[in-house]
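The following pair of complexes shares a single chain, chain A, combined with chain B in the former and chain C in the latter.
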Partner chain A sequence: MAVLDWEVIQQYLPLYQEAAWLTVRLGVAGIIFAILIGLICAIVQYFKVPALRQIAAVYIEISRNTPLLVQLFFIFYGLPKIGIPTNATVCGIAGLAFLGGSYMAEAFRSGLEAIPAIQTESALSLGLSRAQTMRYVILPQAASISVPPFIANVIFLLKETSVFSAISLMDLMFTAKDLIGLYYKTTECLFLLVVFYLLILLPISILGSLLERRLRHAGFGA
Partner chain B sequence: MPDLGLSVLLKGKNMARLLGGLWVALRISLIAVAISLPLGILLGVLMAGKNRVVKAILRVYLEFIRIMPQMVLLFLGFFGTTRAFGWNISAELAAIIVFTLWGTAEMSDLVRGAIISIPRHQYESSQALGLNKRQTYFYIILPQAARRLIPLSINLITRMIKTTSLVLMIGVVEVLKVAQQIIEANRMTSPNAAFGLYLTVFVLYFLACWPISLLARYLEKKWR
Partner chain C sequence: MAVKILAETLLSIRHIAKRFGDNTVLDDLSLDVHKGEVIVVVGPSGCGKSTLLRCINALEPIQAGEILLDGEPIKPDGKNITELRQKVGMVFQSYDLFPHLSVLDNIVLAPRKVQKRAKAEAEAEALTLLERVGLKDKAASYPRELSGGQKQRVAIVRALCMHPEMLLFDEVTAALDPEMVREVLDVILKLATQGRTMLIVTHEMQFARAIADRVIFLDGGNILENTPPEIFFTNPQTERARQFLNMFEFAAVKHHAPAED
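Let's look at the complex of A and B:
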């Protein structure tokens, strides 16, 4: 086992910091759009809006059954050929949003669907309006069910950003690959790569398990 | 209407080459699935068990594998180990090893979840009925756990198939790489082939994963 060369690591550190920052920025942007798409799809499916509901279903199937790498290749190299220009950043965010939207939709939908109809009926018979039922009865319960899959999706999507290196966005993965190719300090580069991903992902993972534990107590009758 | 790659696709053996590339990717994931399902069940049962040391070790393994992007794992498995141990394994073998390790971790977590989701009274009732530990496990716990487990593990298979698209990055010539090669070879005659070819790859992956997802959903509904 090669011993790490700390001088090299110090030298690379700023490059990795910049790349980590890019990873986080693109990841957060993609996740925000994914949440929006997910919310729209979940609402459309929950209220059974005709036509839109089928479109959402088709979108979810397509997005869930194809890999992000293939989606990105299609968006980045395929779409310009029919006259839709893309740049790498927009393409990365769009790809992540396209992939993440369906996962988020499933997370929200599973929460909404887990609330039994008797809750709505009881709330209505108590004289709450439709909006009030949603606001005070359904959403609080649905949200607590949706949180664990939501956090899992956030981690999943941040991990998927590593694929961005394939469309030459200078994220952590790209930086590591580049530096390995340039200076052949494989061990140090991979070590830094692992450390930086841990720094980004571990806090979210810990936060997720804490939240999950708290919400399990909040669950009604569980 | 400019040519968007359909004619390139139909030219010569291009379609067959593309399918061959898909098979390379599928082969890696299927071998990994075949090894990691039984291993994952074994580790999952151990993790649901009582031995604390075993549980702690498996926990570290599981958390590390699950928190790292699969691409990082691939790089560690292919470039990292080559450097560290001085061996020289093919990218395909490295991919199989990495996906097996990853699949085992994911599978063991599913198994653990399925086993601990069986309520305590099931164990207690079967003991009260005079079944011994092994009988309890084989006749009471495992059949119920399997019902919850099978749809989830089928989903894991589609995830593994999707993730194998990453082996492109360590130089395995799979479907995306073949598409790239075909596009490059026809760059002069049909410069817009990238659209059609990447769309085809997209559709191929969808066709590979969709039936499996449908099966998982069907079983999930049926056994709820």
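Let's look at the complex of A and C:
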């Protein structure tokens, strides 16, 4: 007897494709917002902007020290209670952005802070403005340092989308659980689940290592 | 060194005070630098030498007094601060080249982005200057591929390419291996013979004696001596300066001791 029933797999494939597409869509949207939040927090902290900097620090601690599932429940059930109507899709994206923002902020901030102050000073002493110093001297160096943690965050956040099923978004996890509950084809369902997550994440992972190797080859430093 | 006929004042430091919290680093310090003059600043570590240079380049705000370049006040938040900084080239102790840019791009970044000069013209000048310090073949290299001495020579060229009216050197050989010190000092000596205005912080006393028109001895945030090198090194006026110079003498005695046995 074959371990996997290929007919069942073929039958389920379209459902998984649709679910994978939802996972990717919500994941990408959430990550884009996470990048924006992360950039703002990192810049606010790097330039030590009063007040905003403390707000960013508090946000980062809350975001990093609570599970995504809890954050999603808060947004999904909490917001309507204070009169903000919401739906599952918006909640999923918002939840992912809320979680990811802090991780992205830390990735960007570590890149910025890794650049020694002397780089800024020597650029300023040459007559570059603050903005030019940032653009031509600090950001290119900081970006390359931030790439590995950035890629790791993207992968982490895409994996975290698997808790979206808790607010009834029909992502990969939801689809697998649903199908198992309906037809008990557990092996096939879980097999497809693993394959689809790998299909989404492996290319990013491989691309990330290639990029990292190139950056290491460029090997900044004294 | 022959006494130069002093041209007009280029840089005027008037009664400046620099404090870090309660710690006063520079205290009511005044100094005029004339065009074409080479001034060497010496003093024990922590005396404020580097801070003085950093204040001149507005990398540090001052709490009192003023610094005038060509009569214009230098302030970190001043409107024309980038113009004023272009007139003052600075070379730091630690290698401060931009690691993500090639030697040539390090040199032409500011001429192109700040002075909006044409790429071809800026690069041609950069290559000419590199040739003069013996590094033309390193134009395409990255800083990580250079030795410490080569990096410092590139840093000097990078400052020169902005056509500064004045150069500041902040212990540029302090982080170098001894055999590389000479190649950097030779470049600075050559600049002195071209009549460049320079303010040099160094611990190389032989070099200071050879290059300086005036030696400034700084201690406790004040200028204690402001004399030609012949006088400073043979007949210092203050006890503090004598003590300071003695440390170097002592080192020299120890060094020669075994040979006398």
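Heads up, the rule we're going with is that the second predicted complex is superposed on the first by the 218 of 222 C-alpha atoms of A that agree within 3 Å, B and C clash if a C-alpha of one lies under 4 Å from a C-alpha of the other, contacts with A are read in each partner's own complex, and residues count from 1 in each chain.
Rule of thumb we're sticking to: a contact is a pair of C-beta atoms (placed from the backbone, for glycine too) under 8 Å apart; a residue touches a chain by one contact, two chains touch by 3 or more.
All of these numbers come straight from a predicted model, not from anything done at the bench.
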Touching partner for A:I62 - first (chain B), second (chain C), both, neither: first
Touched partner set for A:S122, first chain B, second chain C, both or neither: second
Partner chain(s) touched by A:L13 [first = chain B, second = chain C, both, neither]: neither
Partner chain in contact with A:L202 - chain B first, chain C second, else both or neither: first
Partner chain in contact with A:I155 - chain B first, chain C second, else both or neither: first
Contacts of A:P140 with chain B and chain C, given as first, second, both or neither: second
First, second, both or neither for A:Q132, with chain B first and chain C second: second
Which of chain B and chain C A:A114 touches, first, second, both or neither: neither
Partner contacting more residues of chain A (chain B vs chain C): B
On chain A, the residue positions that both chain B and chain C contact, one per complex: none
Parts of chain C lying in touch with chain A, wherever the complex brings them together: 54, 57, 59, 82-83, 85-86, 88-90, 92, 94-100, 109-110, 113-115, 143-144, 155, 158-159, 162
Chain A residues within the chain B interface of the complex: 1-2, 61-62, 64-67, 69-71, 73-74, 77-79, 81-82, 155, 159-163, 165-166, 173, 176-177, 180, 186-187, 190, 193-194, 197-198, 201-202, 205
Residues on chain B engaged by chain A in the complex (per definition of touch): 4, 63, 67-72, 75-76, 79-80, 82-84, 158, 162-163, 165-166, 168-169, 176, 179, 183, 191-199, 201-202, 205-206, 209-210, 213
In the complex, chain A residues that touch chain C: 116, 118-119, 121-129, 132, 136-137, 140-141, 144, 218-222
